[in-house]
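Quick one: this structure, given as structure tokens, is what I'll be asking you about.
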Amino acid sequence: MRNQPKRADASRVRDSILERFHATRTLSRDLARGLNEADMTVQSMPDASPVKWHLAHTTWFFETFLLRDHVPGYRLFDERWPFLFNSYYEAEGARLARPERGLLTRPTVAELLAYRAHVDEALIDALPGLMDRHGDLAELGIQHEQQHQELLLTDLKHLFSRNPLGPAYAPPGDPGNSEDIPLRWIAGAEGLAAIGSDGLGFAFDNELPRHPSWLAPHALANRPVTNGEWIEFMADEGYASAALWLSDGWDWVRRETVHSPLYWRGHGRDWEHFTLAGWQPVDERAPVTHVSFYEADAFATWAGARLPTEQEWESAAQGQDPLGGIQLDRAGAVAPRAEAGAETGAETGVERINSLFGNVWEWTGSAYRPWPGYRTAAGAVGEYNGKFMSGQFVLKGGSCATPRGHARASYRNFFHPHQRWQFTGVRLARSL
Amino acid sequence: MRNQPKRADASRVRDSILERFHATRTLSRDLARGLNEADMTVQSMPDASPVKWHLAHTTWFFETFLLRDHVPGYRLFDERWPFLFNSYYEAEGARLARPERGLLTRPTVAELLAYRAHVDEALIDALPGLMDRHGDLAELGIQHEQQHQELLLTDLKHLFSRNPLGPAYAPPGDPGNSEDIPLRWIAGAEGLAAIGSDGLGFAFDNELPRHPSWLAPHALANRPVTNGEWIEFMADEGYASAALWLSDGWDWVRRETVHSPLYWRGHGRDWEHFTLAGWQPVDERAPVTHVSFYEADAFATWAGARLPTEQEWESAAQGQDPLGGIQLDRAGAVAPRAEAGAETGAETGVERINSLFGNVWEWTGSAYRPWPGYRTAAGAVGEYNGKFMSGQFVLKGGSCATPRGHARASYRNFFHPHQRWQFTGVRLARSL
Amino acid sequence: MRNQPKRADASRVRDSILERFHATRTLSRDLARGLNEADMTVQSMPDASPVKWHLAHTTWFFETFLLRDHVPGYRLFDERWPFLFNSYYEAEGARLARPERGLLTRPTVAELLAYRAHVDEALIDALPGLMDRHGDLAELGIQHEQQHQELLLTDLKHLFSRNPLGPAYAPPGDPGNSEDIPLRWIAGAEGLAAIGSDGLGFAFDNELPRHPSWLAPHALANRPVTNGEWIEFMADEGYASAALWLSDGWDWVRRETVHSPLYWRGHGRDWEHFTLAGWQPVDERAPVTHVSFYEADAFATWAGARLPTEQEWESAAQGQDPLGGIQLDRAGAVAPRAEAGAETGAETGVERINSLFGNVWEWTGSAYRPWPGYRTAAGAVGEYNGKFMSGQFVLKGGSCATPRGHARASYRNFFHPHQRWQFTGVRLARSL
Amino acid sequence: MRNQPKRADASRVRDSILERFHATRTLSRDLARGLNEADMTVQSMPDASPVKWHLAHTTWFFETFLLRDHVPGYRLFDERWPFLFNSYYEAEGARLARPERGLLTRPTVAELLAYRAHVDEALIDALPGLMDRHGDLAELGIQHEQQHQELLLTDLKHLFSRNPLGPAYAPPGDPGNSEDIPLRWIAGAEGLAAIGSDGLGFAFDNELPRHPSWLAPHALANRPVTNGEWIEFMADEGYASAALWLSDGWDWVRRETVHSPLYWRGHGRDWEHFTLAGWQPVDERAPVTHVSFYEADAFATWAGARLPTEQEWESAAQGQDPLGGIQLDRAGAVAPRAEAGAETGAETGVERINSLFGNVWEWTGSAYRPWPGYRTAAGAVGEYNGKFMSGQFVLKGGSCATPRGHARASYRNFFHPHQRWQFTGVRLARSL
């Protein structure tokens, strides 16, 4: 989890963390504005968590791993609450079963906001003294909360999508100048590449160690697959052609009767999709999103291509600025903007792979497994990433709902191959 | 569903209905006081519905079967809402799947209260003119809402029981003078009995027609089985003795690892149970409740007895005053009082079966099937009772959560044999 | 289980039992002729048992309840086998789970036939001495094996039906002179009727005690519903009309996508069904069979009628000769004959209800519950009937696969409302 | 699938294939000797197939892809059988659902042997003429049947293990001189390695193309983990320590209540396991087998090690003779010998990794995904391997049940991480 800056000015780091701590904690609360008590409490499926739970769980994380563990004399806000807000840390003991998070009509939102305020206050007092020895945990807490900010939005979107009334979280953004970018293939580097975190900033433990990897000759598409291309795939019976699918994918398609990306309804070339701004027409030029790994893989097969490996993707991204992605300053304004696809072509350059960050998480063809020499952290935080290294695939980049500053080339996001309620999309690759 | 009074003064009936309409609608709303938006929205299991949904569904019932069907020019409050609030009426078309009622964070409670106000207003205008031809539907709407008042409380209790914090809906009532009443056997009538509604008041269609039935010699216990007796059953390995159980019941006990009534925790003679006032000690003199038919039957076998048939029970109850049951005037005050068992011996008389009404719904040994000559009503309301006549058992009497005035001897409540989140209890019977 | 003849000549009874013991044991073995080792071993669903298992279980029943319990010095044929061949007797201890009966490729059929021979020999020796005190158990063993003879055929039929090659157990019978009998309504007796075994022959415990029951005015159809009538029901969208169905039935129809009786394929008026003689055209004049209670009930509703109560049916049957049913002398010859429907009109009389026995088991509208005053037998055989008295419905009469001499008016067969792999059919009734 | 020998003498290849075709077809039939019709028909779980089905499916493979596709005028033995014996080839159309393979009591074994003879005869006629253009398909058919020989044994073992009588397929082998080999770590090659088939013999499509891969510094254990070591893991609460397990593995352990390898029973140091020779004592010096990937991974974590990557394993194996594995000449003799563990130390050399082949399939830490540049074959045989490249892990080497001559360093076996009815074991690795 940790990767301490080697020669940085310690006080600047501390100030930066305090500032970002404040900004992150404030953003979480801002994201929940405009929601009522029920919107924040209901859980629409076991994979998703209530908004309220995200607000409390991120607070529990700070309270447990910083205040409880490292601030002498700190007393828990409520000793019954760790049972409620521990997510999956076995080392932290028994906890509420995941599918029951939505039963917590109490504590109320007001009580949870008081919890947040209490922990924030204690941390603001304690952080300066903790930075020397536990600055990595503070940084981890911030990164952790940023991850939950994205989940908060995707989980809320799922909840609203299940409501026949289709409520909106925010007004639709400006569809802007989404361009029609022709598909081009950009050759990637061949031979030995250095993969994994470069150690110049924060990295989760799963991004380490940096290590050599051999890349075969290949090319990546200059942009993600668009909704328009996906509609062609559907029109060509993509969802009904067994030959395109992995066996598990084909079972999934039939068992779940899948025939379009998640949140789509319509037919022919006439589709709309559910967004954080409610039901909206599908923009054919925007990147397709809410597709599973199985769908991504089948599409790639249909297109005569394949998914990139994680290493190919990361190698290509190493020269890019992850801040080019979309900023998530205020919830209402941002997420729908991304969903309307306005940013697709924002940085198109000549012969350059654009948009690796900030549109959609891009499925890779790489199973989520440890880098050579990977070691988990000691203690409960060692459960953060390592124990999930089976059955999932890596996604790279970041989406319209990823907080600004959270993305980087070595970042390893991961989900199960059937999951698609995140902002997941597809970039094609080819072997040369 | 209907059973129009034969020679009653029409205007008195009309006034009575208007008055009861008002009282019933008010009570539903009162029951929800003190709950927050989330408490009223979350659904804790498919069998249960959210408080908010009960408030809306009962309103939909009036809107649909009175205003829409019989008030020319009436316009639906919101034409999208019948899809949300139709419970199970196939004739009324497609509807939200039952397990998804808890996803409706919108419409908000405030919007639903506006819906209630709108429908109330329209009905208060329309009812006088409707009484002649549709008074039976108005009465049905009231009775229907009374049923949902009980469900509202039992569903809420289930929700709160699943919260590790064990929130309370209301303060505990006065445990009062619950007596230790010795068990006595009271011989019932033998030979031909008249079973079913006597036609002197409202009756659901399933209480009709009144018909002869032959009763074999039998006796009923003078009071329901108590918590103390149930603790003896548990101490005697009742839940571990296959010989006591119906085959389906034994499967259920093992599959669900059942070892006490629902909502109990503890061991030996030291038990507490979850009530609408939170966790409370079990009163050994109070009637046991929250037991399934399977448990009731196994207990009776263990006790060398059996469950009464519906006809035996109804015959015994025909001489009793159902108003002896507990009044549900205001939610907070009432339900916990009953749960603490204070009323057990309220009406003990010499050689008299007491408490047939108002403590716990009493499982009978009779499967819920139609009376000879039963006919369903025409139209959608014909689905009210008849289509549920398989797989369920009849319960008689009423509970602490049954609205005053709702109980009667011929009333046929029914649940599946494994269900026990209602206030269900046991009265023993014997063949002589 | 027992109902000893009161004044019968004891030696005649003994001779009769020995003779019937021999005949019954021989018939079971004969029913398995022509089947290969695999046909006799495979289990096609948890509800069904392998042929081989039926042969062994019926033998275990005699070995356990007669030889082991009442013949001093008897040693079990193989002490590991009771675990394999105990069906559901909790008092007899642990046993193979029901869905695993089909995993027993060993013991082989030859070993099981040796088991049968061993037990038969021991019983033929022991029976004369056992008759005085345990003649009822011997009779029970015979009746029990007769029940399994019917199950053996229906379970085998199910297995063969799941084989895409559609193998035949026996050649098709002579379709004979199945008549087109017009539907007539025959009024039943009203008022008090004596229901339950008359004590003049063997009866299972669940047929006792004989007791009075009050019959409301009603009529029964003179014959079972025919395949032709069922085809009309299908053509009239019977399986797609929610209003006809019990709620549980409608759930079942949609969950299982049911649109015809079990074993049917085709459309319009062009249907064939799988029989013990393989796929055969449906004879529209023959009684419909392999329908569930839910289907039977929906059909009756569609026809403007209802199912008879058990008491109505039994009262009508009390004057009839159950031997009028079809004889099951040799498997190959008999069952297909019945399935081809030849016997429908065999005994048609003027104004008489015919065919109550021997065509199809007739669903009644009565849930399977105990008669007033019912008592289970002591010991393990007390589990024979009583513990199944929830969740099932009573069927009366007997089918083409019921052994001759096994049927009687008071006989109570019972199955769950969705089950239909037995030869189950429908007779209509009406309230007058 | 194909990798045609480049400069081999064509007639020698042809003769070799004809000879191996004959040997392989004969061995399959020999493996089934001693089994009765039912042993060969029953299916004990959806993952497993009946012996009979393996015999037929391998025949269908030859009939379809050689005779039907490439022998003009060939007529199918039975045109209904491709529906029965197609395994998973979507391009070959509809087929029997996998869990229903055990319902096929017909065709009989005798009919299937006639099918085998018919196809063998046709192929022996046709093969010489087919070798030039379709020799790769003939080779594929042989390799395919060899794979099913191993499955036939593991599936049969599973069936027999579910029988409470614990039948034996063959007599126990000679436990021999299984040695107690101390664990040593052998450093592997570092840097660039050539991975994938070297093109000198047959290879499945998934072994291609050969490609460079960078190996980090590492060491492999000189032998597989033994039963004795596994018993230590169990004694140290390995199955109860969440911290050792992948999250999915921990869910699996609790859901399935796993506490030992499959087929084990006992406690402490006193264990026996079910083998093809029935229940036998566990030999602590023999390699552990029948463990899942999850167990293998947890064990490695407990041991302070990890699983090898596929590339590490393959690199180490490239210098080894796969024929050192155990020969499967006759079923009865061989499999139990291996299961008794006699061969563990057969080839121990100084500082050499021994036994990479022929004991147990060794789980690697590599997810089963395509090699860079992988291409599926055209047509139905393209479904052979490629469509399974999600959700599974690679196993390398071979087991006691792998036919002699079938193993090679580049071979990629694959199963889901919870599966363990194959002869699966563990070799430890470490990063240096």
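Lettered A, B, C and D in written order, each chain numbered from 1.
Note that in this section contacts are C-beta pairs under 8 Å (C-beta built on N, C-alpha and C of every residue); 3 or more make two chains touch, one makes a residue touch a chain.
Just so we're clear, the structure is a prediction, and the values are computed from it rather than from any experiment.
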Going by the stated contact rule, which chains contact chain B and chain C alike?
-> none
Where the contacts of chain A and chain B overlap, which chains show up?
-> none
Averaging each chain's C-alpha atoms to get its centre, pick out the one most distant from chain D.
-> B
Chain centres from averaged Cα atoms put chain C and chain D apart, in whole Å, by 47
Chain A to chain D, mean C-alpha position gap in Å, rounds to 38
Distance in whole angstrom between the CA centres of chain B and chain D is 60
Touching two or more other chains - residue numbers and ranges from chain A = none
Interfacial residue positions of chain C with respect to chain B in the complex = 88, 90-91, 192, 211-214, 216, 218, 242-243, 245-250, 293-294, 297, 309, 365-367, 369-370, 372-373, 383, 387-391, 393, 417, 431
Which of the residues in chain D come into contact with chain C in the complex?
-> 36-42, 44, 80, 83-84, 96, 100, 102-108, 159, 162-165, 167
